[in-house]
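Would you mind keeping the following structure in view while I ask a few things?
When the chains are written out, they are named A, B, C, D and E in that same order, and each has its own residue count from 1.
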Amino acid sequence: MQEVTRDALLNKALELLKNGTVDRVLGYRVGEFSYDVTPAVFENEDALKKDFCWNSFCGANFSKYLISETAKTEKKLLVFLKPCDSYSFNQLLTEHRFDREKVYAVGVPCGGMLSGKDLREKVESVSDVSVNGDKVTVKTLFDGDLEFDFETLLSDRCKNCKSKKHVAYDELLGEDGEVLDSHRFDEVERLEQMTPDERFAFWQGELSRCIRCNACRDVCPACTCEKCVFDNPNSGVQNKAAADSFEEKMFHIIRAFHVAGRCTDCGECSRVCPQHIPLHLLNRKFIKDINSFYGDYQAGAEVGSRAPIVNYTTDDPEPSEAVERGHGNA
Amino acid sequence: MRKISLSKLPELFSAIAKTSALYLPVDTKAGAKFEAWAVGKTLSNALNTVRSAKDFFFPQTENLMDFKVEGKNIELIDTRKECEDFVLFGVRACDVKSFEVLDRVFLAEPQDTYYKNRREHALIISTACNKPQETCFCGTFGIDAAEPSGDIVTYRTDDELFFDAKTEKGKKLLDALSSITEEADEKAVDQQKALIRERLQKLPLKDLKTEGFGSGKTAEFFDDPQWKELSSACLGCGTCTFVCPTCQCYDIKDFDTGHGIKRFRCWDSCMYSDFTKMSAGQPRLTQLERFRQRFMHKLVYYPTNNDGLFSCVGCGRCLAKCPINMNIVKVMKALGGREDA
Amino acid sequence: MKRIGVFVCHCGTNIAGTVDVKAVAEAMKHEPGVVFSTDYQYMCSQAGQEMIKAAVKEHRLDGIVVCSCSPRMHEATFRKTAAAAGLNSYMVEIANIREQCSWVHKEMPIGTEKAIILAKAAVAKVSLNAPLTPGESPVTKRALVIGGGIAGIQTALDIADAGFPVDIVETKPTIGGKMAQLDKTFPTLDCAACILTPKMVDVAQNEKIRIFSYSEVTDVKGFVGNFDVTIKRKARYVNETLCTGCGACTEKCPMKKVPNEFNLGMDNRHAVYIPFAQAVPKVATIDPNHCLMLKSGKCGLCSKVCGAGAIDYKAKDEFLEERYGAIVVATGFNPISMEKFDEFAYAQSKDVITSLELERLMNAAGPTGGTLLRPSDHQHPHTIVFVQCVGSRCEACAEKGKEYCSKICCMYTAKHAMLIRDKYPDTDVYVFYIDVRTPGKNFDEFYRRAVEEYGVHYIKGMVGKVTPENGVLKVQGSDLIDNRQLHIDADLVVLAAAIEPDKSARPLATMLTASMDTNDFFTEAHPKLRPVESPTAGVFLSGTCQGPKDIPETVSQAGAAASKVIGLLCKDKLLGNPCVAHSDEMMCNGCSTCEKVCPYGAITYEDKEFRMPDRTTKVRRVAKVNEAVCQGCGACTVACMSGAMDLKGFMNKQIMAEVDAICK
Amino acid sequence: MQVNEYKPLIVAFCCNWCSYAGADLAGNNRLNYPADVKIIRVPCSCRVNPMFILRAFQRGADGVILCGCHPGDCHYTSGNYYTRRRMALLFSMLDYLGIEKERTRVEWVSAAEGAKFAATMNDFVETVAALGENKRLEDLRCKK
Amino acid sequence: MPEMKEPLMPVIGVVTDIRIDTPDVKTFRVVTPDGKKAFEHKPGQCAMLSVPGVGEAMFSITSSPTNEEFMEFSIKKCGCVTDWLHAMEVGQQITIRGPYGRPFPVDTEFTGHDMLFIAGGIGLAPLRSVINYCRHYRDRYGKIDIVYGSRSMQDLVDYKEIIDEWATDAGVSVHLTIDREQPEWDGHVGFVPNYVKELGFTTDKIAILCGPPLMIKFTLQGLQEMGFDKTQVYTTMELRMKCGIGKCGRCNIGAKYVCKDGPVFRCDELDELPDEY
């Protein structure tokens, strides 16, 4: 259900390359299968024409790449931003993580993305995927063609999309959307309604699967530390593997805490987790609490905003009160 | 050759579990996973488990030994224990092959006794792959998904499971199960093998070849300019390493419990930026070098030291799990696809 | 591994009564790093301290743990002991086994067990201690006072009296501030000008004081002891040194219809003007917005009449850069705007005025020469209604008013009412109030005099509406005591407008990295114990910039601020607290999170070039802590995700080691 | 009093200026509270990193309490306000993970509130003792 | 199963002597608690020392195998474990496992040859074991030349042993140099690679190099210019290892594992390795 076609993006990229606006293009490279696209920087027209790709599997958040890519060279980089990417883009700017001058951002409308991983769990032996309007045709090796509604294959983060509106761009392709009134906190609320024992069992079950591959951290646009505390032998909390169930919790609690107020809820952590741990539910809990304790705040909505965790008012709720409120009891 | 009706699987599992611990793939909400069998648990239909079977021999973390420190004195406590016998049921051809790859590392002199202990007490029941996936390329490494190795090989038809014992150990177990299994002839199995082989021919990666890679090819690939492009999107996470059945790098760390020191081993990844970091410096500074190391190791270094055996079994897990969809297939195609290769 | 000595104090029986001190000393001998452990009757005694010194030498100790009373009691003592023994004084940790152990537990086994654990935690911490040295910085012996009202004047005079040079920066052409506009002052009814103007003259004549009037602070860099301040001297078009203040220019100026700010626009002044007769400096200023010469190049009369040749139409804004050791903020207040208070018809009727306007109307130097006349028709008002708390204590009307009490209104209204009744006994005076607040010396007596002796009608209740009708102000109000609605036809309505900090305060606070509350009043370093200091070291608060206050309070705070400044300037060097934050540049992201939580503005960022292992260089933004400014709270260390920011003396590792030791 | 009563381990982080002094005052006034409480002195409650709290639980603490100056009275003006936000979020998260919310607490204790300090500790120890051993945030390796 | 010897399982060692060599190098003498050598080794091999709770680190064994009483390790302070070791006092127990790696071929390729040892700074530590081995079996080798240089006189490791023992041996020539002039130094001044060239050795020797990477690079160039073949030159690599037994993957360079296939390499073997060391 792409609103903008590959050709539109490609032509825009070629145009900007040609007129000298940009020197390089951050986009997706085609893969082996339709779903395994890879982020790549294209240095010239030929490379773009050959391998540039834009389809419903281009879900990865490009913002974090800007940190390393802008540090590499003085050349100007074109980046295509989906609405959710643009929040991370702003958040990174707030934290001075890359040089805005070196980036030309083109906003791309997004009708939601599919996840190759999720799809492959629904369908065995996928040989090709094509999207026609709101239908998805999946060709398989042994089971013929299957048809799905686009909606049913949407990844969780896209089902609960918070915004179709770009908050940063130099230029926009197509029409901009609106900030949505999503149901993204429904699942958090469901957990809050559980008894502590149930919640504990739920999270123990989820987090115990963690293999500490660090994919969640390494993909997270908010995790941009020069050296993560969990990698730093001097931090006192360094750990490479969850040698005990405690360490899984420690890692994920602290990671969520460190991105609290900075997490734009882009959903990359859950997308990349090879073990399907719903990590976004940790981040969303913080977002939900921040909203309910200190007023609505969307990280990345504007550059330079002050996150509630580094702010205060004199009449904030007390921690004990907050925990009650966090239950939805108040 | 023996067989059992699929409807009698619970009986079979219960019979095996009576003599030793039994692990088999079961479905969880996060995909198939090897779990200890218990009444009520059913065998997963998924092609393969999310995590590889290497965990049984080379777990994510394991305690190596303990120390007690008192003043200037140290007491070393050997915490090793004889492992109990266990049966691994439903291991796929690729994963069975991965045990050979791991063996050549851990059982090379000096032998790793932690690994050896578990390996010796394991009985592997493998299963041929009725329905391989588009990400499968075990054939590239000479693995026949229709003919896995293992102590016992099983084939599954629509209603029956066939057993073929390949080792003494396997025969012994099969004999012990003779009361609930029945004699079978090989026809049905041959038919199944033919079906599998036919399906293998339909796989998109069936033509991926290892030619050009292998023993002694360091110079051919090391300075290839394509590494830059291939590695550029790599996040440096350890997903590929940790789901890989053959990756075996580890780290040894000490943990101070407050009343003693536990020295443990845990998985490590050559993709991590601090993998080779030492106080004197860092020989692999960029992700390019670390990325290259992983693939060079699988495709060149390991074969050089192990009679041409590759350190990849084509299970396709990294294809499925890499956050940015970069994987060994793409690397092989890019590097092997050169005109001058 | 450090060589640590443990010294367990009996404190007579204070500790030894509940803690087996010998057992504690014995247990400590087995702790890693401990090479010496002993106990003694009174560690803090001369003999005890000598014992520590001797042990340091004999056992080559490089860390000391004293198990004794609270560190708040004797930490300083033992630090000195350590220093005397040649150790860094920060290589000492105290295990508090008296206040937090022997005194709160009764049973010996329990007390002993806990004391051992506390001692272990102290040992664990001291093993990770690093020698710390307090930073030193020189002190520029000059102070800056921002604001030339009574607060600034008093502060400047007191500092100058102690012999230190002071500069006053005042945005207006003259110093004097609000007090110069007042008529009489409560509760003594002495004339404001009579007590203020001599002080203004003192300032002008004091050799230590420089006045930068018609000037503002545009930039502040640096920190306590060494602030680099940029002062903008706005073009006055009159040479200050040449001008004699004769007033000839003013008389000849053809542009006569400029609203006179000093009289709150109730009369006019010329385009070239001296705000009032006693202005200091007594120098004319040309208002460029109205001067014909400056606007159109046609006139130049003033230049012609000026005997001193002081007029300079080509003058430009000038920027001065000065260095100061201390800065006093005395930016004062203003009444809030009454424009939004439609119910009182302030905008509609000239006869609805604020109390400050009334001050001018009653002042002999005011627009009416001191005779109380209605602004609309210059008639004598016979019925006057005062409305209290206009915009003060106004929870519901946050968009136009303030939540706080402006504090001075009750008293000045009583003063006004009393003065009016005294001078014009035929006038009826009504005061609508919510509460009358008169805490202060002779305040309540004063208020009671207004009611009892002068017959002012105090009505508890609020005015609902004022409607101008045929030259009369129809005042509709409620009397809460008699529970009835009142309708009064008034000739004059006086609004006790809430006061708010001067608008210049907010940008100034940003420049000073001084914190403000939500109402833009400067916050004090501690509301009780450090009321005249800002949390930012070297920045002090004087007068109403910190909160509403009356003149005596302002003056006493001004003096207090001055004494703090003098205390600071007396020092040749400032010794910092060495337990300050420190950023590890290798790990810092430069994300600015720490800066946001620093209450002192101690964190800045710089682009730093790093040599990478592959011999390339990379420029990265990293945080830098100004150790002279940091007070060591540690807020930044938790805000910092990467752990790059740590607090010396309370490092992450040290605290975790304590946790570990306690939980062992 | 029972002999084999379960003894919880409580770590109390106290800010140097108010709560630590409050604890000292409790001592001066000989106000009893259980010896299970072990105090760690920090300059300000805002120095307490969530990692310290988790670390304490890992190492076997059964309850962790933070004490700081009353809001508005922070020696560093704003430290405890940050503490309040941080801990509100952290505690809510711990509760979300199913960890007993009674095991963590923030209490404002001034230097004059020795009695409050003792009462708070008595109450907290009692609450945590009623919960029993910390099982949900324990590290088995650290068990004796 | 616990009877099986586990290569990762160390034995306890006791530090019985600590010698301060230079401002940042100390030499530690290690024996087992019952006063024996922990294990036998060959020159060039390493051992993993550890302080439980701090970590393990690999060090070359600097004492000669011919020393039957104890092992010695000369260790430069440069990281977490070495900091800890430097802070130790005599009597401290540590753990030790080994020996690891391929030794110098002292009993094969080296026998009968003239030996040229070239070391810079702490690089002497791994060579000390070979030098003393060659000195012990003096008749098996030809002439021995030792070129050793450091930043300053104070940074020369084992200075006393060099002067008192090595320099006095028959057939052993010691050539010392320091980087910069020093008042109390009357020997040669200059960098090792240049000094080697100045000394101008004949090419019938086996050369063993150890020192900082740049020194090795330039010395090797110099030797080649002088006519040495790479097959005549040996070096020992910087140690970055974890398991010591070629399994953990850390020290893997190309198809080699430094801990197993090294640390001693003949220089022509290095050419086959990718440039990652």
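One rule holds for everything that comes next: contacts are C-beta pairs under 8 Å (C-beta built on N, C-alpha and C of every residue); 3 or more make two chains touch, one makes a residue touch a chain.
On a predicted model such as this, the values are computed, not experimentally measured, just so you know.
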item: Result of counting contacting C-beta pairs for A-B and A-C, higher pair; value: A-B
item: Per Cα centroids, the chain farthest from chain E; value: C
item: Centroid comparison with chain B (C-alpha atoms), farthest chain; value: C
item: Chain centre separation (chain A, chain D; CA means) in Å; value: 36
item: Computed distance of Cα centres, chain C from chain B, in Å; value: 68
item: Inter-chain centre distance, chain D versus chain E - centres from mean C-alpha coordinates, in Å; value: 53
item: Multi-partner residues of chain B (each touching 2 or more other chains); value: 69, 251, 253, 255-256, 258-259, 268
item: Residues of chain E touching at least two other chains; value: 80, 89
item: Two or more partner chains touched - positions in chain A; value: 229, 236, 243, 309-311, 313-314
item: Sites on chain B touched by chain D in the complex; value: 255, 257-259, 262
item: Chain D residues within the chain C interface of the complex; value: 9, 11, 16, 20-21, 23-28, 30-33, 35, 38-44, 46-52, 55-56, 59-61, 72-79, 82, 86, 118, 142
item: Touching residues (chain side chain D, partner chain B) in the complex; value: 59-60, 139, 141-142, 144
item: Chain C residues touching chain A - in the complex, by the definition given at the top; value: 517-518, 586-593, 596-597, 605, 618, 620-621, 639, 641-644, 652-653, 656
item: In the complex, chain A residues that touch chain D; value: 188, 191-192, 196-204, 229, 236-237, 243-247, 249-250, 253-254, 256-257, 260, 282, 285-286, 289-290, 293-294, 308-314, 316-323, 325-327
